[in-house]
Every structure is written in C-alpha cells, then in structure tokens.
Amino acid sequence: MKMVVAIIRPEVLNGVLEALFKAEVRGLSISRVQGHGGETERVETYRGITVKMELSEKVRLEIGVSDHFVEPTVQTIIRAARTGEVGDGKIFVLPVEKVYRIRTGEEDTAAVTPVF
Amino acid sequence: MSSLRKFLVGGTTLGSLAFAAEVPKIDSGDTAWMLVSTALVLLMTPALGFFYAGMVRSKNALNTIMMSVASLGFVGIAWAVLGYSLSFSEGNGWIGGLSKAFLSGVGLEPTGAVVPLTVPHVLYMAFQATFCIIAAALVSGAIVERMRFVPYLVFITLWSLLVYAPVAHMVWGGGFLGKLGAFDFAGGTVVHINAGIAGLVAAMVLGRRKDFGRQAILPHNATYVVLGAALLWFGWFGFNGGSAVASNGLAGLAFVNTMLAPAATLVVWILLDILRTGKSTAVGAATAIVVGLVAITPASGFVSPMNAIVLGIIAAFPSYFVILWRAKTKLDDSLDVFGGHAIGGITGALLTGVLAQKVFNGIGDGWLYGNASQFLIQLLAVGVSIAYSALGTFVLLKLIGALTPLRVPVKEEGMGLDITQHGEEAYTSGEGAILVNADPIAPATRARAVGGTD
Amino acid sequence: MSSLRKFLVGGTTLGSLAFAAEVPKIDSGDTAWMLVSTALVLLMTPALGFFYAGMVRSKNALNTIMMSVASLGFVGIAWAVLGYSLSFSEGNGWIGGLSKAFLSGVGLEPTGAVVPLTVPHVLYMAFQATFCIIAAALVSGAIVERMRFVPYLVFITLWSLLVYAPVAHMVWGGGFLGKLGAFDFAGGTVVHINAGIAGLVAAMVLGRRKDFGRQAILPHNATYVVLGAALLWFGWFGFNGGSAVASNGLAGLAFVNTMLAPAATLVVWILLDILRTGKSTAVGAATAIVVGLVAITPASGFVSPMNAIVLGIIAAFPSYFVILWRAKTKLDDSLDVFGGHAIGGITGALLTGVLAQKVFNGIGDGWLYGNASQFLIQLLAVGVSIAYSALGTFVLLKLIGALTPLRVPVKEEGMGLDITQHGEEAYTSGEGAILVNADPIAPATRARAVGGTD
Amino acid sequence: MSSLRKFLVGGTTLGSLAFAAEVPKIDSGDTAWMLVSTALVLLMTPALGFFYAGMVRSKNALNTIMMSVASLGFVGIAWAVLGYSLSFSEGNGWIGGLSKAFLSGVGLEPTGAVVPLTVPHVLYMAFQATFCIIAAALVSGAIVERMRFVPYLVFITLWSLLVYAPVAHMVWGGGFLGKLGAFDFAGGTVVHINAGIAGLVAAMVLGRRKDFGRQAILPHNATYVVLGAALLWFGWFGFNGGSAVASNGLAGLAFVNTMLAPAATLVVWILLDILRTGKSTAVGAATAIVVGLVAITPASGFVSPMNAIVLGIIAAFPSYFVILWRAKTKLDDSLDVFGGHAIGGITGALLTGVLAQKVFNGIGDGWLYGNASQFLIQLLAVGVSIAYSALGTFVLLKLIGALTPLRVPVKEEGMGLDITQHGEEAYTSGEGAILVNADPIAPATRARAVGGTD
Amino acid sequence: MKMVVAIIRPEVLNGVLEALFKAEVRGLSISRVQGHGGETERVETYRGITVKMELSEKVRLEIGVSDHFVEPTVQTIIRAARTGEVGDGKIFVLPVEKVYRIRTGEEDTAAVTPVF
Amino acid sequence: MKMVVAIIRPEVLNGVLEALFKAEVRGLSISRVQGHGGETERVETYRGITVKMELSEKVRLEIGVSDHFVEPTVQTIIRAARTGEVGDGKIFVLPVEKVYRIRTGEEDTAAVTPVF
C-alpha cells in the first residue's frame, strides 16, 4: 500500500477528479493548502501596506492505493494537472504499513477495494 | 369618540387619538413617518434571520434564514387575504370578522381599522402586517436545526391566522383585553409574549435536537448575531415609534425610550457577564439589546425616558438568569425565544403597569403613580395571552404533526438542513461539484473496479 | 397644466400633480419622505453589490462589489455634471438639453425639472441620481468574473449618459413615450428593462467565462445573496414609494404594493421550487423577491393592492422558467440580469397596462378595466426601450473594446479578479504575507540553491 | 432672537432658525425627518463596528465590534444622565451646567436646548446622543487588537463626558467657538477632529501592537469593510441632513451634499489608486467614502452642491497621502482614525471657511466669496478642538492607566482578544468543543500516561 | 514511531476525541478535508444549475504514536467512528523515521511522551 | 527523499517561513490544523453554555526534502518555532519513495531542485 500525496492547482481540481474517477480511483481525500514554490509572488496593497504573498492557494490530494495502482494514479494526476507553468505542484509517494476501513474493520487491500 | 377612546387605550392607534376629532385628512408628516416605520419593521424580519442564523451551525444557516424570509411571503399574503380582517375588523371580544378579507374596503382614505387616522388605511394595514410577519418568524428560533420546511410553512401561515390574529384582536382590534384597558403600546403582549410562548411550546412538541446536551453547538458566525441585533434595533424604532401612528410628541417619546431602554439593558448585561466570568460576550451583548427592546415595547409610549432606563436595567435580570438556567435544563428552546421574548415581554408588560405616567402618555398612570389596578389589568392580559398562545400553538402543531412528520430524519439532521431541505450550502467553494449536464462519468465502469482504491 | 398632465402620466412626477396647481411651497412631510426615499434608493446599490457578490466565487467577491460601489462614484458625479440635464431638461422627444448641466438652476426651490413640486429641486435631482446609479450597477451582474475594471468604469459612466439618460428622458423627462401616455411609475422600463437588456448585450459582447459550462460555479456565500435581497427590498420602498414625490395616498399605495407583490412572488417561487425538486433554495427565494420587486415597479402607483398580489403571482412564472432555461444555454448572463430584470420588467410593464385602475391612480385604466389601448402603449414603450438599450449598449461596448481589451487575460480570470484588478483578497488570514518594507530575503542567494527543496 | 442667531450660526440648530420666530409647535414633517435621522445615526455605530472589524484579524473581530456596540450602551446612558446637560445646558464658554442632568426638563415640548424647535425636545436630545456615541466609538479604531475591554469601557464613558461634551458645548451648546461664529454644520470639529485626535493620542499612549511592522496584518474580511462603509453612508444622511433639525430646503441641501461629496472623493481615490499601482482596492474605496463623508460634514449645510463636489475632490488628497505615509511610520494608529477623521475633518472644516456661500446657507460667505475672516475663525476652532481633545484624551488615558493596565498581556494579544476578553470566537465550527457539563474526562488518569502520545 | 492518519465523519469527531483521550492518546492534530468514496452523491441546485457534490466533509486526524500504541489507537478510532454506513472513512498507518518536540528539542518517543 | 511534517503555532509561521527561505528551503505547503496537546484549555461561554476548547489553532508545514537537507530543515524549524511554552508543536520525518514535479514529470531529487 502506498499513499499518494499530490499538491495541485485549485483550478485543475475538477479535471483531476474526473480523470481519477475515469481511471478507477474512487477513494481520496482533498484539502486546501497554501504552497510556496517557484511561483512569482503576488503583491497586494492594504491602505499603504504593501505585502508580498509568498503563498499561493493549492489543493492537496491524499490517495491510499494498492501498490500496482501507484503508477496509473500518478500518471493520471500528472496528465490532468499539468499546465506547463511554474506552480503546477508535486506528487509524493509514501509507504503505508497498514490500512483499515472503519466501517467494516477490513484491512489493507480489502480496505481500499470498493464494495457495493 | 370618548367611548372608543376608552377601549383603545392600550393600542397602536393611541397616537392618532389626538387627531381623531379633527379633520380626517392625510397628514404628509404622519404619513412619511408611517411609510418609514413600515419599511423599518419589514427589515426586522430578515434581520432576525441573521440574528438567528449566526447562532446555528453553518450547515443550518440557510434553513434558519429561510424560516424568517418565508414568513415575509406566506404570512404577508395570509395577512392581506385574511389576517388583517380577523385582527382588525369588527367581530366579538376574541376575534374579528371577515368584513375586511381580501382587503375589501381597505383603500387610500385616511383611517385605521378602528379609529380615523391621518395616514392611508392601506398603509396602516401594511404596518400591522409587518408585526404579524415578524411574530411568526420569531417562533422559529425555538425549533431551528430540526424542523421540516414544508410543515413549517403550513405552521406559520396558520399560526398567523389562528393564534396571532385573535391575540391582536383582543388587545388592539376592539377585543376584550383592549376594552379592559390593557396597555400594550407596540406589542409586548401581542407579539413578544405570544411568540415567546409559542416558541416554548413548539420546542417541547418538536423535541430536542439530536446533539443537544451531548455536543457543544456553537454560533457559527457571531458577527451575524451582532449584525442582526443592530438591524433589529434600527427597525425597532419603526416598531415602537411607528406605533404612535403619527409623527408627534408621542412618537418621539416611544422612539427615545426605544433608544434608552436597550442601552441600559446592554450596560447591565455586560456588567453581569464581567462580574460572573470576567468576560463579556458579543452574543450576550446582542441578546441584551434584543431583550431591552422587547421589554420596552409595551411601555414605550407610556413611560418617561428616565423610567425607560430603569425598565431597561430591571429587564436585564430575569432574561439573563432564565437564559443561563435554560441552558442547564433539558429544554431545547434552541435560541432562547422563551428567555428573550416571553420573559422580556412579560417583564415589560408588567413594568408598564408599574411605571406608566399619565403626564407622558395622556391616558393613565401605573402602580408607582398611584394606580395599582393597571398592574392587575396587565397581569390579566399577560395571563390570557400566555394561555391562548400556548393552547393554540400546541393544538396547531399536533394537528400538523398528525398529517406529516414535523422533524427531519436523524440522518438528515446530521447532514444539516441546508442540504436536505434547500439543496444548497451557505458557504461553498464549489470544489468537487460536478455539473450534471457535463459528461457524466459512466456508471457502468463502476462495478468493474477491483483492487484499486475506493 | 393640463397639457403637462397629459404627457406626464407615466412619470415619477405623478404624485406631485395634485399639488401642481397649488402653492409651490416646500412641504415638510413630503420633503421628509423624499429625503428618506433618496437615502433608501442609494443604499440599494451596495445592497446589489452584496446580492451579486454572494453569487460569485470568493476570488471575485470584491471585484463584484466594486462594480456596484464604483457606480456610486462615477455615475453619481456624471449625473450631477451632465446626466440630469440630458434626462430632465428641455430637449427633443429623445434626449434633453444642456441647460441644467453642472446643476445650473438646480437649487433649493420647491420644484422638479418638469412640474412644480413640494420638495427642494436639488433633492429631486438626487432622488433621480440614485436611479441612474443603480441601473448602471445592475448591468454588471451579466459580466462579472471577467471584465477589466478600467474599461468597466468607462463603460458605466458613458452608459449612464448615452443609454440611461435618453430612455429616462423619453419616458419621464418630457420625451415622446411619456407624451404618448406610457405608464412607468418607478422605472420598470427606464431602469429594469433598460439594464436587463444592456446586461444581455454585454454578456454576449464579453463572451462566456472560461469555466462556464465546464465547471460548477457556485455562490460562495448564499447568506450575502439574502442580505442583499433584504436590503434591496428595504430600499425599494424608497424606489417605488418615493416615486410619488410626495407623502400621500399615492405613496402609500405604491409602498404597500411594493410589500405585497414580492411577497406573492416569493410564495409562488418557493412552491415552484418545492414542486419541481422538493427543495426550496435560499438563492431562489432571494431571486424571487427581486423579481417581484422589479415587476411591481412600473405598476406600483397604478394598481390596487390585491392586483399587486396578482401581478406578483404571475410575474414569478416567466422569470422562473427563463432563468431555468438560460442555465441550459450557452449564454453566460452570469447572474441572470436578463431573466430577472428584463423579463421581470417586461412582465411588469405589460401587466401595468392590464391591471391599472383609475380609481386607484386617478389617471387611467388598463385593459382589464376597459382600456385596451393602454396595453398597446405599454408594448410600444417596452419595444422602444429594448431596441434603444440593445443598440446603444452594443455600440458603446464595441467602441470601448476597440480601444482597450474588455476582458482580463484567461490566466488572470483563473486567479480571480480580486487579486488581479484590485490587488487584495476578500477574506484572508494574512498567512504567508510578507511586509515589503521588512528585511527582504536576499535574492542573490537564490541562484546558489542546489539539491535542496523548491 | 437675533443675538442667539449670531452665536449659533455654526450649529446643528441652524435649520430651525427659520421657524424660531414662528409658533413653537411640533411639525409632523420635521419630526418625521428627525425620527428617521436619529435612527440613521444610531445605525452608524454598529456600521462602524463592521467597518472596523473587517480590517482586523479574525481573532479580534468580535472585540472590535464590541468596542462600537458597547458605546451604544455606556455612552448612551452617560449622555442621558449627564452628557446632554454638560453639552447643551447653560454653563460657561467651555462647558455646560447640570440643569438638564437626568433629563430634567427634557420633555415632549417642541424645543431644543438652545433655541425653539418644531420637534420634541426629547428627540433632539436623542439625536445629539447618537453623535456622542459614534464619536466615542470612532476612537477605538486607533487602538484595536490590544486594549483591555474594561478600561476601554471606562475610557469611552469618561471621554464622552470630559472631552466630547465640552467640545460640543464650545461649538454648539452656547460656548465660545459658536459665539465666535465657527461653522460646523454637523460635527466636523465636534465629532471627527475630536475623535481623530483622540485616536492619535490613544494610539501613542497605548503603543504599537506586538506584530506591527513585523508582520503583515491584513483585513480578515474586506466585504465587511464595504458593508460598514455602505451603512455609514446611509446613516450619514441622517447625520448631516438631520443636522438641519427640520425637513426643509436646508436639509435637502445638506443631504445632497452628503451624496455628492463622497461620490467625488470615491472617484478621485479610485483614480489615485489606479495611477499609483494600477489597481484600485475595495478597502481604499470604502475608506474614500468615509473620508468624503467626514470632509463634507462641517460644510454640508453651508456650500452649494457643485462646491460639495469640489470639496470631495480636494479632500481625497490629504487623507490619501497621510494614510500612505502613516503606514511607513512607527505610529500604529491601527485603522487610520487620524488620517481618515482628523485629517478629513480638518480639510472639511477649513474648506467650509473657503467655500461657504450665503445664498445657500443664509448665514455667511467663505473666503472664496469674499469673507476671509471666516477661514480664520475656522482655523481657530480647529486649533482649539485639536488642543483640547489631545490634552483631555492624554490625561484621561494616563489616569486610567495608572489604575489598571490598558493593554492585554503580550501572550493574550497573540491569542486574540476575542478569546481572552470575550470568551468566544467570531467564527467557529464547534470542533473540539467539549460541553463542560458533559462527562468530564477523569483528570486523575492524566498522570499515569507513559510512552503514549501527547 | 508511526503516524496514524484517520479520515472520519465530522459528526463523530467529538466522540472520537473523547475516546482517544480516555485511551491516553493526548497529542494529535486534526484538519477538515473533503472526501470522495462510495458515499451517495448529494445533488444541489443553484438557479437552474444542478450539480452533484462528489465530495463530502470529513475530518482528518493525524496522530504520531510510539509503535506499541498503534494498535490501541487504531482500535479506539474504529470503535468510536463506526456508524456502519458507507462513508465511515479509512485509517492509514505510515512509518515515521524521526520525531522532534519543538519546545525542548527532544526526539522520538520522548517527544511524544507527555511532560507536566 | 523525506517528508518533513511540522506542526507549529500560527503566530510563528511568518518567522519560520523566513528562516526556511534563508536556509534555502524553497518548496513547501502549509495548512491550518487544530491540535490537541498539553496546552491549557480555553473556556468559552455562549449564552450559558460553557465549553472547553480542546483544540488550538496550529499550522502544519509539509516539506519534501532531499535526505541531506532533512537535518538543516528540522533545525531551522526548531529554532524559529520555539517559544519554550507548552504547545510549540512537533516535527515528524517520514520516508518518501518517490517525488514527481507535475510541470515537467521530473522525478525525485530533480523534482525538488529549483529551476529558474
């Protein structure tokens, strides 16, 4: 089991989700994060106070997948999330030792296989 | 005229009496003030929506606002069609007749329903409509976060006709409490005790929210609570000041009292908060403003400005401690409609009987100024409206509940009523929202999934 | 006077006619009501800003509000300098002259531009200004989330002079539509059809948002939509009630109709929602209120209160279904300015020709009361204003677009207009915001970075 | 009467003079307008709360709003009990006496404190109260996010009596500045310079926020800033228009100027923003509206509408650049009370002395119209109020600070004042909130924990 | 050391927290996420636009625990978070190489042992 | 490759960011979380309801770094985030198996090396 953590642009999220669903990836969690990378900084002004915004809005996907599913998942994300401009984000693959499905107590691969 | 005068002493038509004997002509100044007052009171209902919505969890924010907004539609139309007639046309001591149904005979001539006025009749009708609308909306605070929307709509519409209208008739429309000489300048009894008791009963009939007492249910946006209270105060100047139905000294008195009494309640409430916990809450301050406004409502045209301050000070105590106590009980009157409106209204109605001063109101004195009987009349009016409101609300809810469930299923309560009753969310970023007319993701492939992720 | 009377039947100056023959003296009651009305209508423009801003994504919330706020400045000043004169000074059938430019001759004397009044001339000018300001702001709803701010400023300023002022002149300022006897009590044609059609044209000229139809674009804050609608309703009492330019029976009538019609539309809308999907949305309720207000606007001083309810009921249907249908098309009239204001305004203008009743308005009857020709006149006025507004708006936008791009670059559309056009965010926690005058992080070191993280 | 007239030229009682010689009878139109005006000005204080709260970080939002709300209570009651008397009863050139303390002699008869009026005395008192309330609340903008709430309550209450009341007396209540002929129609000197200077002094006495200059402190909700500004503008029509204390031509003039001047300031501010950075901010636009309103306040009943536009244009510059400059200094006048109110007020007060026109105000001309001495009088009034306000505020704060710390501890400043001063949060989801009366987690087990997690 | 990452329903959060505290788990961090799994979709309507909400509100717990604490922690969560309906969520156990307590600089097990 | 996950106080965030940037750490993502640890509880009151707030606002940093960068990154955070009072937070170092840069598809160390 692996955990795929992807940081992507908010504007590509819906496309990425659709691509993932098409690629049979059905379970995932997302959260809003703010990222700093090579992006050009935004300058904002509030009553004479000028600030550089060092952080840009990003979305973080967290997807627990079986080992053989890592590659398709990663490639799907890369394809759907790429705009080619600085700031597209990163994907990290982390090892996972155990997975449980809370509803049933099932473990590992069974825990991430859809049951209907 | 003088017999009319007698049985109308406690009504919103009070202010017009000075003019009653004169030419029944439209006065542009009086009309200007009544136009404004009506707009102000109408604004109070969405203001109440924000006051209430700020106190619920964000998953129920829209439902809570909609409970107020819907009253503007359903109760507003019911009032024009039937409610005004039931309240203000000739009938018996308890309820009016149907002679003014569908606004028949309600035109542009300068008159009210009971006495001549210097403003168009249709405007007087509209002013009264706004009272009924907000009274119905007030009740919702007791049963937020759990009631199905359709039965709610049925409930407030019928409540406005079967509970509000009779009480309004009894006190203001020529009914027996008005004839007895009960003082209710702008609706302490008719609006606040009535709605407050209805809220209490509704909370008991509906039952507790599933999380009540088991989980902390916190105001999702305390700034909305303050915004609502601020707009309520603003609108209340029309509520009380407009109840003079003229732009004169009496209107000025009612207006000023509406400024000073809640200011006093606010000061006391902040000090009580600080003495008790060292911290004065904003939700508390907003509550204090509303309690002060409720309490001065029946008294606003009857007492002196300094007595309005006294009344505002006194009124803080019962509501403050009832609200504290209620939180420790099993009673889920969710937004303290009882503690705020019933208790505040009762305090105000009784103190009106104590602090009224003929030199200010031109009608009669209260206990403190030698007329103890006024206090007893007030007590009676309070008792009657409590009893009628409790009974009417109970029967009405039980009847509706017999036809259709009043509450949402527990699971929907967990999801929040915004999604389940209104199909939308108060705040959303649109993430993960897929257009239904966009390419659907083929559902067939779903069954095939193996060993992937779910 | 009687010839004046004839060609002014459908104007905001209607209410003043009763006084026209009398002493031209300031009436304190009339003036009080017009002072209030003007303030109320002015408040409508920021209210519109919230109504609109709630419906866009949070990254465009400030830009959307600023589109309304800017109108208060740019259109307000343009009106004083030129617009009032072009609308309300003597000219030809289509447009006024320059005799009142720079407010020359607009002083404190009790008169309007066309007939004597009982309020200061300068106040009448201000009241009319607020109409022009909100008309321009209304257009913005069709083109939110994509238009560059500077061309927008140019557009609304010129639109107020070249499109709004002529239509106002035609109908209210002594132009040919008013002379024909078109009824437009408070601006169904001048304000709502005009702005609604301008919005439609602007949406077509600007083109669709890049995400339109591809992604769900949801209201970021539905409570703001309700707040905006509530304040719009509140302000609309000045809009319609103030159009009597006096505090009298007519003002009362217009006021009450402004309360009842949207209440009726609201009821119907909620029921339609429930019948169609089982759920009544809050955004829908807010929309219903605005549609009802738009529809009653031209009729408010012409029809009876019960007919206002009928009008409100009928008006719900076309707008409801046009908005439903629009969502399925490729037309990105983003916030349904067409469905709400043009359709609502047309419905209202035509129904005015049907439901008007001389016993209420003192001027003339509609079709239902035997005067079918009024309906034809209304049809003509609607047609002329649609044609003029469409043409004028189109030419104006094309001209501006020839000088400078109207739209932000696609990438900036993605980032949101708040950051790119205004350099700020609506909601921010300040995280990651580095003060520019604080120690800068030496940029030289940047190149050196190897093998670390980026 | 004529001697009265002389020393009252620059007061809010100006408008009533026309009636002074006539029958002292309540006029329903004048009263209607004053009722409305008083409600409008009262609304300004919570509006200010939102204007301010939007600009602070969310952890201090409630505290900032409460600083305004509390003024409605504490200053409101202090005014009725003592402040009105100190301001408006007979005394010496600097301060009034105690003859009207506890509202003695303030009844329903048509009079003001100094000259007869056509509105109830008690209403005039209430109108003046709203000015004092907002003046005190304005000061809070300079010291948000760091002042303890209890000393703040003491401060504003005493400030209203010891600083506001004397200045009000000097200018409006029969004091020496009024007698000298200073023009201050609606409080440029009494309210805005006074509060602006008090804010500056308070910011210096309190000292900088711990994060000031080290971290970007951004407005947590810019839409609240706009909402506040919109409601302030709305209320300001009562502030300035109501200062005519009648519903007449003068009220109309003041009203229209209150519309045009901020519109002009707004246009200039947006253009300055665009010229300087290419982007016009919403916070800037909201600020512009307030600055324009502040500047026209003293002039509103003295200058022509076109001159109001000129004044609005000019007024943008000093405040714009002072605010820019202030941000670069070490002075943490957090929300620019000095740049907005003191600078705006000074600009307005001086320009009143330049642009006043007897043909509009009926009293006297300014420098531009040949009366240079008026400018000198204005200069003197500005100087006196600056000096008095600075001294009074300084002494008062030092005294309170000697008894109890004015600031919260640094750690609490970090946590935010909402939690530490008010025990609640503005926005909360309730996650992790455990009911205190629910089963407590046995604290005894705590010590046992080993090798687990913490 | 392990990192237990649990995705649970918001409505069970308070119960889970209480259960964890009772089970001596005292240190944790939570965040709001949105999840996609087998849950039935919600349909929402905005002025004629109908949308399926593919994501539901979830809460993500992140708990760094010593190895022998993994099992009790996981079981406690499963017990307190289970409703039995689709959407109850998942638990992932990830390996952790090092832990530091910022306040003291302590490392590893010491870093997650309460000090009073 | 490692993933450094740090939980810190919100008020030290800007200082930590600056320190990290100075230390050549240029890529990171942050999110708001709520944490429970040894902090003293806050008590809040809403209309007679008294609640203990068990969670405090924290910020979570997530930084993917090459192995030899772990130590400097951790030390920088510890230095900049320490106030010495309970509640300063924790740092976890997790193993990462693979990193991708979405924009270019680059993998591992290349994926986290700045390109200009």
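Details
Note that the chains are named A, B, C, D, E and F in the order they appear, and that numbering of residues resets to 1 at the start of each chain.
Everything that follows uses one rule, which is that a residue touches a chain if its C-beta (ideal position, glycine included) is under 8 Å from a C-beta of that chain, and two chains touch if they have at least 3 such contacts.
These numbers were taken from a predicted model, which means no experiment stands behind them.
The chain pair with more C-beta contacts between its two chains, of B-E and A-B, is A-B.
By residue number, over half of the contacts seen at A-D repeat in one listed pair from B-E, C-E or C-F, namely C-E.
With centres set at the average Cα position, the gap from subunit B to subunit C is 32 Å. A straight line joining the Cα centres of subunit D and subunit E is 49 Å long. Annotation: 18 Å between the Cα-based centres of subunit A and subunit E.
Mean C-alpha positions place subunit D and subunit F at a centre distance of 43 Å. Residues of subunit C in contact with two or more other chains: 27-30, 32-33, 36, 215-219, 247, 277, 279, 281, 283, 328, 423-425, 429, 431-435, 437, 454. Residue positions 14, 17, 21, 26-28, 30-32, 34, 36-38, 44-46, 49, 51, 54-55, 64, 94-95, 112, 114-116 of subunit F each touch two or more of the other chains. If each chain is drawn as a node and touching chains are joined, the picture has every node linked to every other.
Considering their complex, residues 215-216, 414, 419, 423-425, 431-437, 454 of subunit B touch subunit E. On subunit E, the positions that touch subunit A within their shared complex are 2, 5-8, 31-38, 54-55, 58, 60, 74, 77-78, 81-95.
Residues of subunit D that touch subunit B in their complex: 26-33, 35-36, 38-39, 42-43, 46-47, 49-50, 53, 61-62, 65-66, 69-70, 72-74, 76-77, 80, 102-103, 106, 108-110, 119-120, 122-123, 125-126, 129, 149-150, 153, 224, 247, 420-430, 433-435, 437-438.
Of all residues in subunit B, those touching subunit F in their complex are 216-219, 277, 279, 281, 283-284, 287, 323-328, 336. Considering their complex, residues 429, 431-434, 439, 441, 445-454 of subunit D touch subunit E.
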